[in-house]
Structures are given as structure tokens and as C-alpha cells.
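Each of the two complexes below includes chain A, the first together with chain B, the second together with chain C.
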Partner chain A sequence: MEKTHLLEVRDLKVSFASKKTEVPAIQGISYYLDEGEVLGIVGESGSGKSVSSHCILKLLPENGKIQGGQILFEGKDLLPMNAKQIADIRGNKISMIFQDPMTSLDPLFTVGHQIEESLKKHTNLNKKQREERIIKLLDLVGINQPEKRMKQYPHEFSGGMRQRAMIAMALSLGPKLLIADEPTTALDVTIQAQIIELLKRLKDELHMAIIFITHDLGVVSDICDKIIVMYAGEIIESGKKRQIFYDSRHPYTEGLLNSVPKIEQSRQEKLVPIEGNPPDMQLLGSECPFSHRCGYAMNICARQKPPKLTVEEGHEVSCWKYYRERMESGE
Partner chain B sequence: MEKEILLEVRHLKKYYQVKSGLFKKVNVKAVDDVSFYIRRGETLGLVGESGCGKTTLGRTILRLLEPTDGEILFEGKVINQADMKEYRKKMQIVFQDPYASLDPRKTVADIIGEALDIHQLYQDKAERKQKILRLMELVGLSDKFYNRYPHEFSGGQRQRIGIARALAVSPEFIVCDEPVSALDVSIQAQVINMLERLQKERGLTYLFIAHDLAVVKHISDRIGVLYLGHLVELADSEELYRNPLHPYTQMLLSAVPIADPDESEKRKRIKLEGEVPSPINPPSGCPFRTRCEQACDACKDRFPELQEISPGHWVACSQVQKQ
Partner chain C sequence: MELFQKIIKRVLLAVFSLFVIVTITFFLMNLIPGDPFMSEKANPEAQAALRAKYGLDQPIYIQYGKYLNGLLHGDMGNSYVLQKGRAISTIVTESFAVSMSLGIRALILAILIGVPLGCIAGLWKNKVPDACIRVISAVGISVPGYVIAAVLMLLLAVQLRVLPTSYNRPGGTVMPIITLSLYPTCYLIRLTRASILEVLNQDYLRTERAKGMSERVVIFVHALKNSLIPIITYLGPLTASILTGGFVAESVFNVPGLGRYFVSAINSRDYTLIMGTTIFYAALIIFMNLVCDILYQVVDPRIKLD
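Moving on, here comes the complex of A and B:
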């Protein structure tokens, strides 16, 4: 019997309406996540990494349209649900934190008030109990003097503290899944390290699953169990953390790993950039989306999308080069 | 043999006045008594967290901001405001935000050509065009982009335009203010490699400002660490990484994410606590003492001077200096 995953995305397709045409943003992606797991979604701007997770809570902008697929949460498909049903899940079982803690908090209300909102909506706690819960939550995310801090406004918080407050808000109802969309990108490194430590600790204490969306491979290597690499709206490689970092098969993943400067490297070692720019999604046809920039591109890459192949358990890659290697080794 | 000193900064200060309360004004010391030098052909990296004064320092050196006090020397001569037009040909800047730093109403040719116009670096139109095309080629932009506008380009290509513009007057010294922070990683590497190539080909000297330690370490010969307007450590980049002496440098290094799971598990993290205090109301004495594990009473009293602990390795920490 097949196991029910906490979250399973099947063949999700999303497009955006532009003036003239429909531009595809996500071209049929599938992945799953179990309880207590941390999944990293890595990709460059425009790769669809944010859109793919915003769909889970139906947070697409107006011109965005889900064209097909399923998003199963605890076995139930979220896509056919109406606004009210989704609102029940949002914040309650699945919650989300964003990149910019400054713009995702309302400047007109105290931080305590904003955390209280979801408690009011989803629980039957009375005012005093809610207050106790808020204090507990702020304490959990490492905000000192929670009694005083909950009465303050967002502008009285620093960037790192705001992100902590956002996390407290997201955790207020004990979600099973936390979607973190570039939560540390706007923060300084020392604060980023603090937030990552916090998320790691919370994951263990609360046993929740996290989807961590980022462009920073360093952050992924620290916190994630599994990694998905996205390019032009497709998953081009996915696997456990070590499979991706030490045994990557896709030239793009390899390129990404080679193009980040590593602090332990000596100055003499040159960076190997990926030449060219990401493709225009409007112009993409049936080719492998990376074929324009790939150093190993063959004739077939420009004609046909590569099939998804399993390297070993949990490690999948879509690439003609790997396909040929497998053929040649006679498997 | 060591090369000559191209640029030197002596006791540079830049204070901003901000209102505090109704009538009171206080000074925010964005850059406070910073001194260093850069040799010809060298890259000096400056790192620090937001609000540490790294951008202000870069802009003050180019006199885009007027220093409150201190001297800036170029090729041994003190730079005065009156001679700035001459110096603009020798010192240029590349900005962080490739979207905001290009005039959206100008074509690429005019953006790059503007500096040529101002300094009258051509005889006739044909020479102007030829110079611009040569600059575009230098930064890897195809000549078909000559009459295009900035909005038609991606972030990486815009940064190339910004670099071509800086190179137009054939400067000797360029302040690179977070030139790759806004770019995707695969594009970052392209721009970094290009900056390195241009340095080699043209003997450029860089002041490379960034918050990303890995990037700074990659490109710099020496690195200075800024904290709340003070230079707290300055050393050879390899030395700074292997043997960081200032507790703040140690904290920064231990916070850098490592894109390698085994390494990142092996690493011992120092306790990262607290945040950068407000520069409006900085701690007395050593600015880092509020976050420092080794702080003692003496740190409250005065800011420790930058001292050379070993050849070329400077630290401003009274605890380190004692040992």
C-alpha cells in the first residue's frame, strides 16, 4: 500500500496571463514531503521556486492560474477547495513566512495584536489564554521580555526580531507544515545564522515539516534534508542533501555549485560561472530548458525534453547527458 | 617588491546629524576615524553588516559625500574638492543596484558615453562610437545593444553596463559597492570573473565592498572588517580567514553559511547573540562589547586603537592586544 505523505504535489502546472499570451511558470512538477522533513527548493530568480509553494496556499497573484495537477495535503487535494476551506487550513495546518518581515507585518497594529488575530479566528481561547499563548510563542522564538514586546509596533523591532515575530505568528496554531519563502535573504549573516538555528530547533521541538525556498546553497546545506533544484519552471534534479551536493548529475546543479565562491577556497581557484542568462519562458518550446547554456548540450537536447531518471533511491535527474551515460554503461 | 600606495585614507570621519527629540540633534558616526591604504593593483575588501558604514566609507573616499574630518590621499597627494573633476577620471564607482543606477531614459550608448562627453575624451562622433563599442566589448555586451534601453536588460547585463560606464574614463581606482549582491549566483560568478579579468588587463585597483564574506574573500588581497563605523580588523585575506583575531570577525566567519553539508556539520559555531546596536546610541568604548563574550570593564572606557599584532595583521581589541 502506498504511504500517504504529509504533502504531495503531483504534476502541478501554473501559468501567468500576460498582455498577449499565457506564460508558463511551472511546467508539471511533482514532489512530496513527510512529517518533520525539511525540503529545500533552490533556484534562481524566475525559476518558479516561490510560485510553486505559493500555490499550496492558493496565494497566486490575480493573473496566475493553476492549469493542472494535484496538491495533496494529508491525502486531501487542496486545489478543488473553496476559499473558506482553504482559509481553515491556512495558518492552522500550513503557515508561511516571507522574505521581507518589514512589509509582511501591519505597521498599524501591535505585534501581539497581529499574532492574536489567527488565535481569535481559529481557536476558542479567551482573551487571557490568548495572551498567555502569545507570550509563550514569543518566548519560544527567542524574543526577550515578551510581555513588553507584544505591546510594541513592528517599527520598534529590528529586522531579525521582526522575522522572529513572523515565525511566532506562523507557529501560533501549531502547523504541520511551514513554508519559508527566502526567510533570511533580507537579513545580515549573523542574524541569518540565528534564524536558521531557531528554525532547526523549532523543527525538532514541534516536529513540523518545512519547505525552505532559497537561492543560497549555503543555507540549504545547513538546514535541509532533501533538495529540489528548479530551472525555468521545472525540477531538473532532486535528491537527499548529500546526493545533490556530492553526487549531482545535472550540469545546471553542478554549475550552481561551482559558481558560488567558497570561503575555504584559496584565491587562486577560479569560479566557474554558468554562461548566458536564464531563458525567456515565453519562447520555451519542447527543448530542455537548460540546453541554451549547457556545456554538454547535444542535438537531442534542443529537440526534446529529457526523461526523468532515477540515479539511486530518492535521487532523480532530468538530463539527456545522464541518459546517454546510463545507455553507454549498458544499464 | 611591494607596489606603491595608490590610495590612502587617514583618520576619515563622516558624521550625520539626525534629530533626536524636538530640538536636540545628535551625530551619527557612520564612519569614525578609519585609516588604511591600498596599493596599486590590489583589491581591498571591506565587510560588515548593514549599518556598519561600509557604503558611506566608499562614497566618502570618492567625495560623493563630504568627509567630516580626515584626509584622503591619491598617489600621495591630498584630494581637495576643487580638483575633483580631475580625480573623477582616476576614481570611479560601480553601484549595488543595477536597476536604480542606470537612467531609464538613456540608451546604453549614452549611459556609457556620458562620461566621455563630460571629460571630452574623443575628437569626433565616429571616435565616440568606436570607444563605446570597445567598452561594450570589454564587458561582454554585444554591439547590437548599442541603442537599447536599460529596461531591456537583465540584472547581470545591467551590471555590465555599469562597469563599462565606470571604465569609460580609464580610471585607476574603482570602488565596487556590493556589485554582485543583487545578482543570481550563476550571474554573480560571471561578474566576479570579469572584474578579476579587467583588473589583470588594466592594472586596476579595487575597493570591494560587500556583506558576503565568501565573495569578498574570493576577490580580495586584503580584507578590512567594519563594525559600527570602526575598522576593527585588517589583514591579508587568507590570514583573516585562518586566524581571525577580533571576536567580531570570528562571529562573522562562523555565521557564513557553507555550501557543503559535511563542512557545515563539522564546523563549530560560536554563540551568535544579539544584534548590531543602533548607531544613534552606540555603546561607549569598544562598539562590539555588548555582543562580545570576552568583554571586560576596560572595554567600556575607550575604543581600542588599531594595532599591528603580526606583520600586516591589524586588530582593534584590547583583549587581543593584551596577550
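Moving on, here comes the complex of A and C:
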């Protein structure tokens, strides 16, 4: 019998309704995640990395539509669930933190109240117990004077502190899975490092799995076990951290790695950006979506999508270049 | 205590604003050609005698000083023309009582209809209810009050004969109240709709959903409370203007309210009455804005009164 993963996404397809047509955003992606694992999803803006994770809790915007696939959490498909069933999972077994902590908290309610809402909904704790739990949570995420801070409003918190409060809120029920949607993008670099440290520590203490969405490979290298690289709504390469960082096979992944500043790089050495822009999803046909920007593009790339190939266990790539290398080496 | 001090500060500021308003109005009013007695058919000597009697023949700064002095002693003078000889304070309080009793009902009607309809339109954006509500509110905003009043009168009083044309008959308050409340209702609809649409896109609602909160909590607790803020801003001046009565509604339906006096006092150069109505209206607006600011603080913790 196949092992049940904590989360398994199978052939997920999502599209957005625009004025006239349905624009595909996610074109059949599959991945899985086990307990305690950290999965990084990397890609440019518009690659579908956020959308794919919002699907898990069915938090798509109104014009977004899941066209097919399955999202199995502890073996149960989340997609057919009704509003009440999914609400019982949200914030409880799976919780989420978002990109912009400045706008992700309701300005009219105290931070304590916003954490309490979640506790009220998912537990039977009484008022005093809830308060104790909130104080403990704020303390856990490194907010000083939690008794005082819980009675304050979001505007009385700095950006980093708000993200800590968001994390406290997300962890209030000890979730099995935390989805972190670019949690450090809106923060400055020192705060960014603190938040990542915090997430690393909490992951070990609470033994939860994390899906970490980002466009910053530097951030990913710090915290993730596995990495998925997304481009134009597809997974083009996936593997363990080591495989992606030291043995990447897709030109796009390579491009991403080359565009990260390195500390040992001399000042004369320039960063190598990836030329061009992501493709218009509406115009994509049967070609490899990266072929327009790829330095290695061959004739076949413009005609046919590359097959998914296994490089070694756990490392998969969809690229004709790698296909040819394999053929030439006679495997 | 802190709040109390701030209120005191605001009241002092309000007194200063009122002083500025009194001054500007006084001099502007004297710039209008003519005076309260120009229409008297009497001979020039009689007019001059009247002017002398009320001190209007004195230099303007002396008149101004006398008026301020009276005001400080709580005396706004007597009406020159419209209600000759009666104290301005009596005229204003009496007519304000009439306007207010209509105004409060119109205001409540506007809020009770405008805010919920605006919410419905916002929550069902671009669907049938929204389309209907938007058409109604667009019409209500663009049709001027005197047209509404005339149409209502023609329809309900002349054609259907269900309501009286005059204010003092039973049921006579219905049409003035509708006329008064129509514009604010429609404006509130649009304001609430825009406000709720803005709030519905906010990230914190997604956070609430991600916590497992029901749509009921997301909409009725978080979205509604946040969309109230711009509505409160509008309610302050609206309350002041609706309580003092609409000129059109009161003229058409013959309501003996304050609204009528705003224009008729100027037309007849009834100086003391112009001053009286202006001061009263200004004070009311200042007061309502203060109430709003305090209300703001109750709703929005980010706003501090200062």
C-alpha cells in the first residue's frame, strides 16, 4: 500500500476568469510533503506559486477556479469539502501567513482579539485559558511583554512584530502544516533573517511541515528540505535542496541561481539576470513555456512540451536539453 | 480625563472658529446692496428714521462692535423684517424644533435604508440587486430636490389624493421627510457600496478566512466595521444639514422650519436673522464634527483626537 503523505497535490489545475476567456494559472502540478518537512516553492511573480498554495485552503480570489486535480491532506481530499468542513481545517490543522504583515491584520481589533478568535472557533478553552494561551504564543514568537502587547492594536506594532503576531496566530492551534506565502518579502533584510530563524526554531519545536513560498533562493537555501521551481504555472524542476543548488538541470533554475548575489562575488562581477519577461499565459501553446527566454532553446522546444525526467531519486526536471544530454550519454 | 481635556481644547477652538464665521458673515452681509428697510414704501425720511432707530446709520465697525457685545451677553437682537420685533433666539429655536423633528426622522430613514442597501449592492457586486440599487441611487442623486418635491406632490397629493399638500394636516410630514431624505439615502448607498467594496479586497479579510472564521464573522464583524469609517465622516455634516431643514422641502410643503429662513432672511436683508441662522448652523456643524471625531475614536483605534 502506498504511504499517505501529510499533503499530496495531484494534477492541480487552476484558471482565472478574465473578461473574455479563462486564463490558465496552474497547469497540472503535483507534489507531496511529509510531516516536519519544509518545501520551498520558488518562481517569479505570476508563476503560480502563491495561487497553488492558496488552493490548499481554498482561498482563491473570486474569479479563480480550480479546474481539476486533488489536494489530499492526511489522505482526505480538501477540494470537495463544503465551507464548514474547510473552515474547521483552516487555522486549525493548516494555517497560513501572508506576504504583507502591514495589511494582513484587521486595524480595528487588538492583536489579542484576533488570535483569540481562532482559539474560540477551534477550542473549548474558557476566557482565562485563552488569554494564557495567547500570552504563551506571543512569548513563543519572541514578542516582549505579551500581556501588554496583546491589548494593543496592529498599528502599534512594527512590521517585523506584526509578522511575529501573524505567526503566533497561525500557530495558535499547533497546525500540522504552515503555509508561508512570501512571509519575508515585505520586511527589511535583518528582520527577514529574524523571521526565518524564528520559523526554523518553531518548526523543530512544534514538528510541523512548512510550505515556504518565495522568489528568493537565498531564503530557500536557509530553511527548506525540498524545492519546487515553478514557471508559467508548471513545475519545471523539483528536488532536494542539495540537488537544486548543486546539481540543477533546468536552464531556468540555473538562471535563478545566477541572479542571487553571492558574498564572495567581487564587485566587478555583475549579476546575471534572466533576460525577458514571463510569457503571457493566454498565448501559451504546446511549446516549452521557457523556450522564449532560454539560451539553449532548440527547435523542438518551440513545438512540444518537454517530458518530466527523473535525474535521480527525488530530483525531476522537465527540459529537452537534459533529455538530449541523457540520450547522448546513451542512457 | 485626557479625553476631557481634548474636548475642552476643541471647544475653545470651536469658539474661535465661530468668531471668525461671525466676522466674515457680518461684513459680507453688509456688502450686499440694500438694507432691511429699502422695501418700505415709506418716504426716505421714514427709512432714515428706521435706520437710525436700529443703529444702521452708524459706522460699520461700531455696528459690529455692538453686535459682538450683544452676542457675548446672549442677545442676538430682534428680527427687522420677517418677524418684526421678535427675538432671533426665539425664532431660531422655534423653527429649529420643527426642522429637527422632521430632520431626525429623515436622517434615521436615510441611514436605515441607505446603509443596508449599500451593503447589499457591495456584497452582490455586478449582480441584479446591485444593478437595481445603483440605478435607483443614481437617479436619487441627480434629480434635484424641487423636482422630487413637485413630483411627489403631483403624484401623491393631486393624482392619488392619499396625502395632504400642507404640512399641518395629518400625514403632512410624510412628503417633506421623503424629500429631505432622498438625497442622503442615495448618497449613503453609494458611499457604503464603495466603502464595502474597498474593504472586501483587504488582506485582513483573507487572514480571517485563513483562520477558519465563518463568512458571517468575516463580513458582519470585520468588513462592516471597517467600512463604517468613511460613513461616519459623512454623517457629521449630513446630520447638521438635515436637522436644520432643507430650503426646498420646507418651502414647497410650507413647513415653518429653519431651512426657509436661510434664504428668505438674505432676500429681505433681515440682518439679525441672517446672523442668527448662520451662527446656529455653523455651531451645529462644528458640534457634529466634534461628535464624529469622538465616534471615530470609538471605532478606529488608529485615530487620536488632537
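Everything that follows uses one rule, which is that the second predicted complex is superposed on the first by the 331 of 331 C-alpha atoms of A that agree within 3 Å, B and C clash if a C-alpha of one lies under 4 Å from a C-alpha of the other, contacts with A are read in each partner's own complex, and residues count from 1 in each chain.
Operating definition for what follows: a residue touches a chain if its C-beta (ideal position, glycine included) is under 8 Å from a C-beta of that chain, and two chains touch if they have at least 3 such contacts.
The structure presented is a predicted model; accordingly, all values stated were derived computationally and were not measured.
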Do chain B and chain C fit side by side on chain A after the overlay, or clash? fit
Quick check for you: in the superposed arrangement, does A:Lys19 touch first (chain B), second (chain C), both or neither? neither
First (chain B), second (chain C), both or neither: which does A:Lys3 touch? neither
Tell me which partner A:His122 touches in the superposition: chain B (first), chain C (second), both or neither. second
Quick one: angle from chain B through chain A to chain C, Cα centres, nearest 10°? 70
Which of chain B and chain C A:Glu264 touches, first, second, both or neither: first
Is A:Asp216 touching the first partner chain B, the second partner chain C, both, or neither of them? first
Applying the touch criterion given at the start, work out whether A:Ser95 contacts chain B, chain C, both or neither, answering first, second, both or neither. second
More residues of chain A are touched by which chain, chain B or chain C? B
Contacts of A:Met169 with chain B and chain C, given as first, second, both or neither: second
What's the minimum Cα gap, in whole angstrom, linking chain B and chain C in the superposed view? 6
Quick check: in the complex, which residue numbers of chain A touch chain B? 44-45, 158, 160-161, 188-194, 196-197, 215-222, 241-242, 245-246, 255-267, 270-275, 277-278
Contacts from chain A onto chain C in the complex sit at residues 57, 59, 83-84, 87-92, 95-96, 98, 100, 103-109, 114, 117-118, 121-122, 153, 155, 166, 169
Of all residues in chain B, which touch chain A in the complex? 49-50, 154-157, 184-190, 192-193, 211-215, 217-219, 221, 237-238, 241, 251-261, 263-264, 269, 272-273, 275-276
For chain C, which residues are in contact with chain A within the complex? 202-204, 206-215, 217, 222, 225-226, 299-302
